[in-house]
Every structure is written in C-alpha cells, then in structure tokens.
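Heads up, the thing below is written out as structure tokens.
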Amino acid sequence: VHRVAVIGAAGFGGAVGAAILRRHPSIELTGVTARSDAGRRHDELYPAYRVPLQLEQFDPDAIAERADVALVAYPHKAAAPAVRSLRERGLKVVDLSADFRLDRESYERWYQPHEAPELLGESVYGLPEAHREQIRTAELVASPGCNSTAALLALLPLRGRIDDAVVDIKTGVSGAGREATEETHFVSATDNVNPYKTEGHRHVAELEQELPGVRFAFVPHLLPIDQGLLASCYATPSEPLTRDAARELFRQAYESEPFVELIDKPPHTRDVRFTNRATVYVTVAGDRVLSFCAIDNLWKGAAGQAVQDLNLMLGLPETEGLT
Amino acid sequence: VHRVAVIGAAGFGGAVGAAILRRHPSIELTGVTARSDAGRRHDELYPAYRVPLQLEQFDPDAIAERADVALVAYPHKAAAPAVRSLRERGLKVVDLSADFRLDRESYERWYQPHEAPELLGESVYGLPEAHREQIRTAELVASPGCNSTAALLALLPLRGRIDDAVVDIKTGVSGAGREATEETHFVSATDNVNPYKTEGHRHVAELEQELPGVRFAFVPHLLPIDQGLLASCYATPSEPLTRDAARELFRQAYESEPFVELIDKPPHTRDVRFTNRATVYVTVAGDRVLSFCAIDNLWKGAAGQAVQDLNLMLGLPETEGLT
Amino acid sequence: VHRVAVIGAAGFGGAVGAAILRRHPSIELTGVTARSDAGRRHDELYPAYRVPLQLEQFDPDAIAERADVALVAYPHKAAAPAVRSLRERGLKVVDLSADFRLDRESYERWYQPHEAPELLGESVYGLPEAHREQIRTAELVASPGCNSTAALLALLPLRGRIDDAVVDIKTGVSGAGREATEETHFVSATDNVNPYKTEGHRHVAELEQELPGVRFAFVPHLLPIDQGLLASCYATPSEPLTRDAARELFRQAYESEPFVELIDKPPHTRDVRFTNRATVYVTVAGDRVLSFCAIDNLWKGAAGQAVQDLNLMLGLPETEGLT
Amino acid sequence: VHRVAVIGAAGFGGAVGAAILRRHPSIELTGVTARSDAGRRHDELYPAYRVPLQLEQFDPDAIAERADVALVAYPHKAAAPAVRSLRERGLKVVDLSADFRLDRESYERWYQPHEAPELLGESVYGLPEAHREQIRTAELVASPGCNSTAALLALLPLRGRIDDAVVDIKTGVSGAGREATEETHFVSATDNVNPYKTEGHRHVAELEQELPGVRFAFVPHLLPIDQGLLASCYATPSEPLTRDAARELFRQAYESEPFVELIDKPPHTRDVRFTNRATVYVTVAGDRVLSFCAIDNLWKGAAGQAVQDLNLMLGLPETEGLT
C-alpha cells in the first residue's frame, strides 16, 4: 500500500483527488492539506465525498513522514515551491497546476517567472495517451489542464496531418474553481453562456507543445453545468481525409486506451460525469475534420487523470481506483 | 391600427409572437391558431404571456376577414400551403419557417420538394440588417433561422473579406421546440452539453446564401439554458486584418442598427434574454477574426425579428412593440 | 413627473427598482447610488436592465437636490440612517430593508438595536393588499420581505379564522443577494435543495404582526432557481371551512386587487417571473386549508412592490410602470 | 452468486437498479427487460450506467430459467401481474411499484381494483428501518415510494408521539419518470417550482399505514433538480418535546442504521446524490418538531432501497453493492 497525501484538498480538483484516493484499494490517503480551510474537516466542506480527515496546514516535513507520493492541487505559481519542497524530501509528485506542463520559455511567456525552474527538466506532461512510458518512470508529472486534455484527445490521432484547428471549449462552472465570484454566482451563471479569454487562453500553450506546427484558435465558453467539458475541434487536414480514414486513425489511437472511448455519435458530457472516461467522436464535413471530446473536467480533466498518472508512476494497474 | 393574426401560436416561436403583438401599440392581434391545441386558451398554455385569446383551428377565410397581415409559425413544409392560402387572400405574411428562406434548388437539397414554389419569387429573406429596403416593400418575408441570425450578425461585416468560417453554435432548449422528447426532457438536458447535426445542419444553407463564397463548418450544440443562443465564429480573412480594422468594419455596419449592439467584451446570452437585441463582439487572435453574437433565440432569433420585419412591411417604426 | 433616486442600486433588489423606475412614465430616475460599486455604470453591472446611469456614492444633500422621493435598498441596519438622512431633507421614502417593518420591540428582538427608532411611528407596512389607504398618505413606507409577502398573500383572507399555520417557503438564489458566497456559488446551488434558518427566520415577525394570534412554523428553502418564490401554507382553521367557502374568502379578498390573481390550479413561479403579479391558489384537504402563493422575489417580493407603494404615495395609478 | 433480473429496466428507477446490480459483488445481473424499448441496448439508453445488456421483452419463463430473484420496476397496475407470474415460478421479488405496499382496501381506495390481491398477504413493506426482520424472510417485498421513504425517515422516531404532521415534499424531475411530457420538458421545469396533487397524493396512504393515528397534510412540489428529494416535516407532538429529547429519539432510532445519518445541520439533497444514504435533521421550533430528510429519489427512494431489501432477503450484507 502506497501512502499518498493531497496538498490543496479544499479546492474542487484536490477534493476530488482526495475522494478518489480515499477509496483506492492500493493507496492509503495519509493526509490532506489546505491553505485557508486548514482546521476544518474535509467531509464538512465536501459531505458527498466522505473523506473523514481534517485539513492541515501544509508542512513538507510532516507530509514527508507520512507519505511517499503527493498529489499537489495548488494554483499555478503557488504549486512550484510546494512541489520543490516535496521533491527535496524524496516524494514523487503529480502536480495539477500549470507549473510543470511547459518548458520555461513557454511558461514564462504565458504565466510569470518560474518559481522552480530546476525541476522542469524532470517533469513529464501527464497525458497517458501521449506519454505513458515516460510517466511510468517519472518522479514529477504535470497533469494537463482540463481544456487541453479534451482538446488533445480530440486531436492527437490527427498529429502530423493537420495545419490548423479551431478549438471551441464548453466548460462547466466547477472549472472556474471554488472561489465565490461574480462569475460563479448562480444568478450570473444560470441561463447563460459566454465566451471568455477570447484574446488567448493559456491552455493553448499545451496544445502547441503537444501538437507542434498547428495553428490554433482556442476559445473557452462558460456554461450553466456543474462538472463537464466538451471540446469541439474543427481541423483542416494537410491532405484530404475521408470520414472512414479519419475514424480509422482514431480507432487505432484509442482501441487499447482504458479511458478513451471512440463512439458512433456526438458525445454528451452527462454520460461521462463523475468518471475518468473521455468519449470521442470524429467525422468529416466538407474538407474539415470535426472531432469532439467530452470529459468530466474534475476527473479526466484534473484529479482522475492525476490518479491515472499516479497509478502509472507506482506500477499499479492504470485503472485502479478509477472505475 | 393593423390587424394581425398568428398562425401556429401554440409553439414557442408563435407564442412569443402573439405575446409581442398583443402589446404592440399599432397592432391589433385579431386571432391565434393552433393545430393540436385548438380550443384551448393561449393564456392557459402560456400564462406568463397573458394573451387572452382562444386558439382556433386555422381557416384562411376566417383569418382573412379579420386580419390584413399574418405571422405564420408552422414548421417547415406545413408552412408553405398555409402561406399560400393567406397570400391568395391578399394578406401580407411573415413566415418563420424555412420554406421561403432559400431558392428552390437549395431548399430542395436540404429539405424536401417545395410545397409552394410559385411564391419563392416574391419572398424576401427577413434579416433587416442585410435586406431592410426589400423587406419594406415585400408582401412575403421569410424570417431567418435562429442559428443563421446569430451567425450572420457575427459575420456580415466581414462579407467579401473572408474565405472560410467555423461557426460553433450554442443554443438553449427552447430552440428544440415545444414537443416533449427524450432530448428536451429535463433529465436529459440538465448538466449536459452535446453537439448535434455534426454532419451538416440545414441552417448552413442560409449562411451560404447570404455569404456566398465562404467555406463553412457549422455545428450547433444543445445547452441547459432556456432561451438564448450564442454564435462563436472563427473566420480566416483573405487579407490580414488588424483588431482595430475589424472593429471598425463592425462599427460601421452596426452603428445605426437599432437592435445590434457592438460591445467591448464577450457577449452573455443572459444579457439579451427576452429582448430583440443582438450583442456582437469581434476580436482578432493570430490570423483569425473571432466574432461572437448573442441573441434570444425566440426573439431576435424568431418572433421578435418577425415583428421587426412586420414593422418594416407596414411602414411602422422598426422598433415599435419591441422595446 | 416625480423625481426619484434609488439608494443602493447595485444589489439585486435596488437594481430591479432602478430598471422599473427608468421606464416608469410618470417618474424620472434622477440618481442611483451604491456603496462598493460607486463609480461604475449601472448598465455595466446589469446590462440587461439598460439603466444608463453612473452609480454614485450616497450623499443625502446631493440626492435631496435632485429627488423628491427615494427608494432605499440597503441591507437592514444600514438602511435606517440613510432613511433618516433623507427624511430629514423632506424626501418621501420607500425602504426595502427590514428596518421599518416592525415595532421597536419586535425589531430589536429579531435584529439589533434600532438605528432610527424615532421614525418608527410614521412608517407604514407596505403591503398594499393590507394597508393601501395608510400607504397613500404615508411618507415612509417599509416594503415587506419577499417571504412575508408571499406568505401573507396566501394567508390574509384567512385572517381571524386560523389558529396556526405552517409556512414552507421555496426561494430562488437571487433572494440570497448579490454577494458571492459558498452558498450562492453555482456549484453549491445547482441540483440541490436545502432548508435554512430552521430554528427561526426573522421574516416570521412580519407574519406575527400582520396575522396576530396565529402560531407559525416558518422555514425557507433554497432552490436552484433564479428569480421566484413560492409560499406553501398549511393552516388549521378555528372553525371547519369547506373548499368553496375558502375560495369565496379569497375571491372577495382579491377580486379587485390589481396584482393578485386567484387561480384554479397550483401556481408556478415561472408564470410570474419578471412581473409584479402574485398568483394564489387555495384548497382544503382534510381539516386543513392549503394555500399557495407564487411571486417573483425581486418584483412583488421587493422592488416591484416598492414601486407599487411609491405609486400609491404619489397618487399615481397603482399599476403604472409595473405592467 | 445470486442471479437477478430487472423487469422494466428502461425506466429511471429500473435503470438505476440494473446499474447497481451490475456492479454488485454477490449478484449476477442475468437479464433486463423493457416494454417499449425491448431490442435496444441498455447502455445505449443509459450510457453512463454502462450495463452491457440488451433489453428483452418480458417472458416470465425465460426469466425464471436465468434468475432466482427479480427486481420489478413497472408502473403500478402493470406490476402486479408481472409479479404474480414471477412468484408462480418461484422467484423472490422486490417490487418498486405501489401494488404491494398497502392493504387491499387502502390500495383500492387510492389506486384501482387490485390485479393480484392474493399476494398481498405475503408482501412486506420494504422500509428496512421499520421492517428489517420481516424483509429478511420475505419472498415479496414492496419497496416504498420515494416521497414516503423520505417522510417516514423524518417521522418514524416520533411514532406514537405526534398527532399531526405537515409533510412538504420537494422532488426532482427524475421522480416524474422518463416519459417526455409538458411537465418534464426542460423549458417547463427550469427556473420554476410548483406544488402538485394538492388535493391528495397517493403516497400519503403509506404514511397513514406506517404512522397510524397521525393526521397528515402532504403536498409534493416539483423543482428543477435532477435526482434528489427533500421531505420537510412539521409535526405537533402530543406531549411537549425539547430539542434535546427529540434529537435523542432520532439518535437512538438511527445510530446503527447503515444508510441513515443524523446530522447537525439542515440536509442538502446534493450531498446524498447517487448514494443510498438519507440525511436527517431534527429540531424544535416553538411547540413543533421540525424534521427534514434528504435522499436521492432514485437510490434510497427507489432502486437503492430495493437492492437494500434484496440484500436482506438474500442474507447478504445489507450495504453490499451500495457503497
């Protein structure tokens, strides 16, 4: 049994991580930390998740005594120093923030000066469908963003065959995080849809890294749903591609993937809620390839994928605790 | 005072039409008809709209005695014969179906053999922002589809300057109509988003007609909202276009439009609910022009626009009854 | 034309008040104030309301120069001093807070020491269906709470005939106000219902004042709706009452009320959204009288009713600006 | 391993039953039947449940060959003959309809002439918290209604101590069943709340049976939530009861119940979604005892409870497959 702690378990992503790990048959959840909610019980904040632990202030020494692995669910910038302190104490880490997803130049262009650049060399981008083998041997894995996960699963089988892609994301309010803001107020979000970050969303950097050479347009939209994210991708192939050929590429890419399901009709986010599954649909309309991917933004888009990474890193069955 | 009847006032679009006309200062609503709900009172079906009339079976002679103009809100194919019977009796007609929006060839490619092709010559595509002068003198106006309205308002200022455009539509459930189906069941629609008609939606024919020469991808998505529709358009200009230049094109196009508002930030459908307004935002990201338009699918996307057309046809102030 | 200012127009209630007054044919909206949002434009905060004014810091002298009447929409306790400063300058006031609804003893039992007790003598409880004549001549009117309004409209015709009543309130999230909190976060509110203030909600004090001698149980519940409030009342009559007799009492009470509609089937909040109407249904089951009232909590439950009061105070038609 | 079939697995309740049983460690799900959807795959109708079986027409002989136990999820009246045919073939049955919950007289008063009255003698009312020992030895168990389950869990600890109770139910749309109707249309249900069956709902018969001597008022309300049900109960005790005494009664009643959790604050349906748990809160306000119970209407209110019953009947751990 591996001992795992969740750093930042009061946010939506970390909380789901704690909930999954608490039930994981090969893992013991040995601690949960929080910044502003330290002292409260996790199951008071999230009764549905039933994690019977008290949230602690983050103390890397205390965590290192009790855990061999950490799932870090801090916001970007705050994550890097926490990850460093855990890596210095020998823990393997899966980090859910953006801090270790990109190379330094790209990171500093989209975010800010990096807080722990010396760790970038060892970090692996934690999309198992693209980097499974590196994840197995990694000690630091950067779990992809929710938008990027869905977009990449919709586009990876076309890698090397497309010149440009429009990625139109529809995301639930849980993606905006637990902070209560004007935007996340029920009265703002209900009966509404709006694009945001129309001039450029940082997640596009992950797409450019994983699908080099593709010209992206990338716009997320906020919807009145709770958990769920749909990526609608409109790609222009370099060479004409028939529907059958496109589907065959996707079939080959995903036939042995445990969490990606190629389906025969447009995906519904509702069908993958509270699961680590991604459903993908591909078709061709005119000279464009249209592909769609539905995930739960907190599962396959965050904590579920992080546990999938963690299973790989620990040599456990990849789906353990996730089905 | 003009006497107007609404044919098909039990559906969502026709019902809003009746509600608007009932309060219109220069119009008397002299009759409302329905197919399966004839005999019931309109304000029993739609208490919020407070139209104190009984729904009648459609009888063109009876309508012609009481009305000079008709707003027809039947489904396509059923609309054409009803429109013909009213035109034969001399009524001016605004039709909300697809039956008179396209030329015969295009219509029959996307829909079915046309039921009243002899009327196609006189019908005008009822998007005031594109065809105001023809609408003024028309006796038969085809009110555009909701998807087409939003997409066209987002793209018309780029007419002649773009080669292709991805149009990603997000639409509320009222757009699917009043019929109770598995798709419109609350339990199917809530906490969900899904694309549909991914292999080709008929509304693209209206885009191709109004913006000839543009290569479109067009996919609608169903969201758990009630009334509201957002078109997100990603266009590739033939010649590079700066953000300022793009905004200037839009400014010129819409500065004197009474119902189109060019705004400085991404539009929210919630802000135009229950109004005939369209909010439009344009920006440039990389070498693409991104434009977004939010409307209420039952107002500017259907009945509100039909009344706007009707005001033009009757020589009334264009905004009368709509503000 | 009467000149009216809205004090506290950035909150949900005050904002609706400003929106109504802006369109009121006999009123000029001469100012809107806000505490933390002063300096921002009202139509930036609430684009849908289209009030083209800048929010100012509250300055009673400046307001008194421009307005003869004020609608005050501050939270309780903050309202009383603002009301005093306006009354000292001769303005008539409709106050939406709880500060002037109760006598001092009752207020101080449920709330806190009163900030302006000297004004309690002149204030009138602003439920027109109960106190229309006093409102006409009042210079300070306390607009009732949303819960109290619905409960009272459901119970007033039984005044003097019931011993006890269970009042079970279902209220939309806008009732919790504009502040972004854990409770109003979309992810907390959606797909949820919960009772709150189960040990006693302050609005019961208004019920006890208006229906003396009745033993109340009163529990509000929060629902994932935006605007809307339903009071379900279960009253035990002192003397047996038939369904017909109960309905007759309600018919007499409400037959000439402009905003209360006695209906023949259970009310739906959706049918009164964005209106000042209340729909009321009464029936008898066993030996209990069951009555239900649906309102829009921000209209008849707050700002709409305040304007109704204001119309009465100014000698205007009671429904002006509200239909 | 026990072999179980679900009769009527296309409806919401039966579908959840199939989903639970499919994952139950001591049960093999050997068949699922449907009336109008026979021939379709269950996981096509309910992709999220991932039950990889084809829906069959109901054939009791075919079922009897493959199953020792059946969970019957037909509507009332249709259930009784199906149950009889299975009992005749020796299968143990848990029935989710109302057909075997009441004695004949009560049933025929609220429903219609009974289709299989000879089985009423052997049926047990399947609320484990009230009849656990009889359920263990029963061969036919009638799983309680969703409204009744929540109301009874909120009131059972007060059995013998109360004279009357107002039961105000708030229920999600899934409780109205899978049929697409005007009432279940998204556009009718969203942003709405309404009471229904105000003149008497049949579920009150179950309350009267389980809590004899109590005078009930019972009104359900439809809310825009998916799965979830809250019972708010306002009971008048025969003898005064303090809050502590009331809580002690509840504590004793539920301290060893595996699925009923007595909590310290008002329950939220969201916290018990997709679980078989019931959260109960009790307080005293004035001379009334107020108690609240939140459940998932499809789990503890239907299929989850049916599996709980089935575990008891089969001598399995009561919580198996349900946590």
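The letters A, B, C and D name the chains in turn, as written, and every chain counts its residues from 1.
Heads up, the rule we're going with is that contacts are C-beta pairs under 8 Å (C-beta built on N, C-alpha and C of every residue); 3 or more make two chains touch, one makes a residue touch a chain.
Small disclaimer: the values here were computed from a predicted structure and weren't measured.
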Each chain counted as touching chain B and chain D at once: A, C
Distance between the centres, which are taken as Cα means, of chain C and chain A, whole angstrom: 46
Between chain A and chain B, centroid-to-centroid distance (C-alpha), Å: 39
Centroid spacing, where centroids are CA-atom means, of chain A and chain D in whole angstrom: 37
For chain C, residues that touch 2 or more chains besides their own: 188, 190-191, 224, 226, 268, 270, 273
Chain contact topology (line, ring, star, complete or other): complete
Partner chain A, residues of chain D touching it in the complex: 47-48, 190-191, 268, 270-275, 279
Contacting residues of chain B [partner chain D, same complex]: 12, 173-174, 178, 180-182, 184-191, 224, 226
Residue ranges of chain D in contact with chain C within the complex: 166, 168, 170, 172, 188, 191-196, 198-200, 215-217, 219, 221, 223-228, 230, 232, 234, 266-270, 273, 281, 283, 285-288, 290, 292, 294
